[in-house]
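Step one of this worksheet: look at the structure below.
Naming follows writing order (A, B, C and D), and every chain is counted from residue 1.
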Amino acid sequence: MQAISVEEAIDMIPHGASLMIGGFMGVGTPERLIDELVRQGKRNLVVIANDAATPGRGIGKLIAAGLVAKVVASHIGLNPEAQRQMIAGKIGVDLVPQGTLIERIRAGGFGLGGVLTATGLGTVAEEGKRRIEVAGKSYLVEIALRSEFALVHAFLADQIGNLSYALTARNYNPVIAMAADTVIATAEHIVPVGVIAPDHVITPAPVVDYLVRNT
Amino acid sequence: MNPLDAQNIIAKRIARELRPGMLVNLGIGIPTLVANYVPNNMGVYFQSENGLIGTGPVPDEGMAHPTLTDAGGRPVSALPGACTFDSAMSFGLIRGGHVDVTVLGGLQVDAQGRLANWMIPGKTVPGMGGAMDLVTGAKRVIVAMQHTAKGKPKIVPTCTLPLTAAKPVNLVVTEMAVIEFRGGRAILLETAPEVSVAEVLAATPISLEVNDHVPKMAL
Amino acid sequence: MQAISVEEAIDMIPHGASLMIGGFMGVGTPERLIDELVRQGKRNLVVIANDAATPGRGIGKLIAAGLVAKVVASHIGLNPEAQRQMIAGKIGVDLVPQGTLIERIRAGGFGLGGVLTATGLGTVAEEGKRRIEVAGKSYLVEIALRSEFALVHAFLADQIGNLSYALTARNYNPVIAMAADTVIATAEHIVPVGVIAPDHVITPAPVVDYLVRNT
Amino acid sequence: MNPLDAQNIIAKRIARELRPGMLVNLGIGIPTLVANYVPNNMGVYFQSENGLIGTGPVPDEGMAHPTLTDAGGRPVSALPGACTFDSAMSFGLIRGGHVDVTVLGGLQVDAQGRLANWMIPGKTVPGMGGAMDLVTGAKRVIVAMQHTAKGKPKIVPTCTLPLTAAKPVNLVVTEMAVIEFRGGRAILLETAPEVSVAEVLAATPISLEVNDHVPKMAL
């Protein structure tokens, strides 16, 4: 793990990069990284996240700034700007059932090629996918999803990068932290090593590449 | 009937389906109202799919924390014995059959009990969120919806809107009736207090099985 | 969740039942449930667990008592009695790579039909399995595993059945707690509701069917 | 050379492959010795597959807790910054490529670098444990084994024992040599201080690429 500034963190991300971003309706999203993406004007981003949040919050800021080329999410219904851009053809949207999305990301992080799920069978979510029978039941083959970067927000980080999360701000964060080539984390509080008990560490330090310094 | 009354009849009737110890997931809209009719001390667990079991009331002003919200991002509190978890676990609970009952809103339900509730093509594309997972994975799926929309039936021979799942739901509760779907059959279980069987049949253009005696909803 | 005695808990389990049992070399295994299985002489058990522990410890006691018909595990190498019974044909052994075993159990608990893994490709672990190509890579289709009962040992249980685990005694316990029709838990300490912070609950109360009273 | 010396040469040489920040998984046998040659303050993370990163030394008498052990069930302690997790996460780290280096013992390695290390048919059937996952999933696989067993080579044209994975290992370190497997080729990188290239070739019945200059192992 390397400690860096928020400017250095975002400077690493090229235009067109794929980013998994933590958060659920903006709760648990690394807002400092989002704000810096907007400030540096990183364009054509592919964003993989639960949702498009709301205008002015989390991923909503990236969409409002016109920086997003494509969103892979389970819903964008509470962000009218995202819907407008989609209808105008400015932004591509892949809608994925929420449970399928998180399992595809987990598969990417856990070295699985994919998972077999009944969710989406017989619906538009089945389009373009293989069906497989296991023990007499049908499943869709849902393939693993990875990204170049994961932008993670923790509640506590210790000084070597162990992370823990608070309440419903956990959501996608620990899962995406496993599924990207480069993991960049911010934290509400950076604490000395040992402050987070071993049983309470959710993301182990060795998977975190960069921890953004607090100011 | 005014829509608020209708919604509360539906919510109140569905609340009677819940038992102590059950893990229950409520969708947005009418389903959210169900919790109003479940006593706090009854021992029903409510799951919020953003990663919480044991949602408590909205906190007093100045007492909320930004890390504890409902699935819409609004501040909530947590009851004693609450627990939190990541989204993989949240959907593991849903897809693994650990959720005993889910209550979801509906746009249409077809003659086999298949639900459409996530998309009106050309109108809104909000995304399916967790709806497909809930219908596919929960042990029992209850649809909470008004019987008709602008005078047109919502229980229809074939859904014209995209399906949420190929798997049928178990129960549809409206302000007029309780209808069970079982083995491809649709059975009229109950009618609302002021509603006759004939009225339900007139508003429900599918083949509905009717027993000799159809009880009134207990509310 | 229902509180019961250890005798009542084991009395529910029929001869021939399939049991997932927590523990890793006996660490984190519910020894009181094991001892009671032996005392009540439950026979022809199918045991799904990481390993066969050692003689005199955990699953080793069940094997020594001749109660096990079949073991599904990743290794039995440190239990000579298990190996003897296997060679004598008294006990069936399905050996599964450890990562595959835990993912198959997780799939069973998380409603997945199975997972796609590269582990075992081109080895004896591939025998009888389907191969599938995803994005140009080969994977084995490893199917979900469930059992009738899960025997779980926690460090803390609260009075409604929320569970947390200690250190390396966690291992398979939270995963099997999701994958069985009936979940029976023991705990080192049973504490009042609220003592385990929401973020530290690992197994949520609603998945625990029975919590065994401490004496 | 006596076996203990051989094992320590192997362990010492492998320790030089580790860098600060790496997540490392050591198998049983010779691999365990590698940790002896890695300074505590170097910042290498050791994973124990029973669910621990940050294994510390064996605790003093009376200070062990039954819930903190190594993968063999023996008491250990935890270093500051240690973390614990369930078996799904433990193998997620292994299979997802988060383990930078795994060091495993070997029974045989073939000309393509494929390892057999889990079973001697008709003799022991301990089970593969985590070996198949480690070889398949870790970013880099190093085999730590003696060059020969009872005078017979362990690096062989074709394994007679069941393979651990079809995927080749990256490096084999013995008390005689360091051999890299890359793109189907086997390359002699180094020899032990007292060992000649000719001696290695004589004990290694596969096609081994030899550069003009083969350095000695730095130990």
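The criterion applied here is as follows: a residue touches a chain if its C-beta (ideal position, glycine included) is under 8 Å from a C-beta of that chain, and two chains touch if they have at least 3 such contacts.
Because the structure is a prediction, the values reported are computed rather than measured.
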item	value
Most widely separated chain from subunit B, with each centre as the mean of CA atoms	D
Rounded Å distance between subunit C and subunit D, as computed from the means of their C-alpha atoms	29
Whole-Å gap separating subunit A and subunit D, where each centre is the average of the chain's CA atoms	34
Rounded Å distance, subunit B centre to subunit D centre (Cα mean)	55
Where subunit A touches two or more other chains at once, by residue number	103, 106, 110-112, 117-118, 165-167, 170, 198-199
Where subunit D touches two or more other chains at once, by residue number	52, 78, 84-85, 88, 91, 94-95, 136-137
Chain-to-chain touches, reported pairwise for every pair that qualifies	A-B, A-C, A-D, B-C, C-D
Contacting residues of subunit A [partner subunit D, same complex]	1, 106, 108-112, 158, 160, 162, 178-179, 193-194, 196, 198-199, 201, 204-207
Complex interface listing, subunit D residues touching subunit C	48-52, 65-69, 71-73, 78, 84-88, 90-91, 94-95, 124-133, 136-137, 162-167
Touching residues (chain side subunit A, partner subunit B) in the complex	24-28, 50-51, 53-54, 73-78, 83, 86, 93, 95, 97-100, 102-103, 106, 117-125, 155, 165-175, 202
Complex contact set, residues of subunit A against subunit C	103, 107, 110-118, 130, 132, 134-135, 137, 139, 141, 143-144, 164-167, 170, 198-200
Footprint of subunit A on subunit D - complex, ascending	21-23, 45, 52-54, 78, 80-85, 88, 91-98, 100, 136-137
